[in-house]
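In what follows, structures are represented as structure tokens.
Heads up, the next two complexes both have chain A, just with different partners, chain B and then chain C.
And now, the complex of A and B:
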């Protein structure tokens, strides 16, 4: 299965939902998905396009656009293509459906993204902080406007 | 984990500091007698905020920071970070530098596997194993030290090349070490194969099947031990791995014994790779000609864009997702370490086994908590 087939299949199945597709190279493709359908898109990728390996989930903060992105990197054991799937969220109430029912190992990635960015994953089985202590919840340290770094740390140490 | 514990059940906290652990994490075990009913991992004891720090450092400074993700595999972390920047900036690495990188990264794989084997031996009560492997690892570390000038955190790779060329007499010093290592690996293998206690503790314990391993997202030796030939060096070749001859080591059983066997075989492949590189390495520059990149890289601005680059770490698939906004610092770096999903898969693996096997199973994964925490 090559990059072009994957993009065609994806846009054919979800014409309204998938946008801004781009074939970066033979083994890298990018696409944007509507945030409400992220889980369904992942399910289709896993069932029909052999994307069985979730590499990572991460958040990216864009305060200038007042948006946040959730970025899924999904790879496969059967073909070499890695798909970068992005869902754009509003920065005021970042919420998205959890993909844990599709990819089991999304659990910790979503917990991590939640504690670092404040992105809420709906219907996650156990959404509590993973790396940070409970007291840090609400600081959202990886957001660009986080005050704690370097202001709350000794300047000459960073 | 449920709070209520029945009268014949108890909760045992393993860690955060425990000799059987590869680093500080807390393992809460719910036990009935000696069997594990439920397990839960708590992380965060050495969270360093690497991803946030990288956003506040220039690209060149970032090389030093990614070293600290995990001290055992500093060179593969560097390769991943430097590879991201090279892809974004479109830098071609000269052949000689690529060969040097392969040599040094395979040496790094050797020392990581050696320490992993030793630690695993210690976890199952075979403490002399640690003494054996640490002795061999020292030899490999001296070779790395000879090239990079440091034993564990090297800051050796540069954008477009490596900091300095191989020293005089490197080949002459490396070959005897590799030859003696070949013999030692066979010795280890014999030791593992002939010891009946070891076999009892490892054969059929902590078994993963290929489908479950794929679902859990584990990679590296733990996945290859189930029979899935998934190796980034083959699936998505970087550097000169395409031109080199090596095979992806797999086993089919998926238990502890198979994982250790995969590591032993991989060490042989690494030695073979280094020997090929030493024979084939061309002469020439170690930095691309007519570019500003060199030993003293100036403050560089990387063109705006994003990239996801993967390399094969001794523990599995290491990936970094880098977004550049055109300034001298990365806008966002996501580190996808291989041990993070493997550690996540630990609770389902140990539920149903006994406390004594927990150490063996967790040890056979060859972990590095520092990298899971970042």
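And now, the complex of A and C:
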């Protein structure tokens, strides 16, 4: 299964939902998905296109566009293509359906994206901070407008 | 009721026990220790303390690996009386061996509180001194010297075990000169 068949299969199955597809090389493809159908797209990828391995989930903040993105990197054990799947969210209320029922290892990825960006994954089994302390919840340190960095570091050197 | 009780207790403790009964000196271990600090006996006590600086094996980052290497046979800190201990209750020295995250600081404070006095702190590595690679990070605690009374800073990323040993020797010199922050003179 090569990159072109994957993109054609995806757009054929979800013509309204998948957009901005691009074949970057033989092994890297990119697609945008509608945020309401991200879980269904992942289910289709896993069941029909042999994308059995979720590499990572991360967030991207675009304050000028007032948007946030969730980026899924999905790879396969059967073919060499890696898919970058993106879902655009509103920055005011970033919410997306959890993909834990499809890929079980998304659990911690989603918790980390939640604690760093404040993106809420609906129907996540246990959505609480992964690494940061509980009292830092709500600061969302990897958002571009975060201002909580310490500015009194190493005053003896300055 | 509570107010009356607190007044009574504060009144009894406020009186000097030496003045209370003429000719009889009642004392406490704190009073003995305060008296000894003014005499030459403190030099003897400090000599003993500086030659048995047991440190707590509590590695926090990559400096912790060097710290363990320092305590092992190759660098052999035992010849200075510096012995790694696994329990904070048996330790005299705490080594802050790496970045202190906001999540870890309560645990570190708790370990520090469990150590019996007199106790000293050494700061190992650039992370604990000034932030290092985690300079202005959202998740680390900066300026650790505001939280713990740090006697010696050992720079390096990570410092060599010899440098840490040098830090311990500097701490011994400070204790010998009664300039350390671990004891209240």
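Following the convention adopted for this analysis, the second predicted complex is superposed on the first by the 149 of 158 C-alpha atoms of A that agree within 3 Å, B and C clash if a C-alpha of one lies under 4 Å from a C-alpha of the other, contacts with A are read in each partner's own complex, and residues count from 1 in each chain.
Methods note: a contact is a pair of C-beta atoms (placed from the backbone, for glycine too) under 8 Å apart; a residue touches a chain by one contact, two chains touch by 3 or more.
None of the values given here were measured: they were computed from a predicted structure.
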item: Partner chain in contact with A:107 - chain B first, chain C second, else both or neither; value: first
item: Touching partner for A:84 - first (chain B), second (chain C), both, neither; value: first
item: Touching partner for A:73 - first (chain B), second (chain C), both, neither; value: first
item: First (chain B), second (chain C), both or neither touched by A:139; value: second
item: Superposition-derived comparison: chain B or chain C, residues of chain A touched; value: B
item: Touched partner set for A:131, first chain B, second chain C, both or neither; value: both
item: Touching partner for A:28 - first (chain B), second (chain C), both, neither; value: first
item: Chain A residues contacted in one complex by chain B, in the other by chain C; value: 131-133, 141, 146, 149-150
item: Residues of chain A that touch chain C when the two form their complex; value: 131-133, 136, 139, 141, 146, 148-157
item: List of chain C residues in touch with chain A within their complex; value: 102-103, 129-131, 135-139, 142-143
item: Chain A-facing residues of chain B, complex; value: 43-44, 47, 49, 51-53, 56, 214-217, 228, 230, 235-236, 306, 308, 310, 317, 319, 321, 323, 331-332, 334, 336, 340-341, 344-345, 373-374
item: In the complex with chain B, residue positions of chain A that touch it; value: 27-28, 52-56, 58, 60-61, 71, 73, 77, 80, 82, 84, 103-105, 107-108, 129-133, 141-142, 146, 149-150, 158
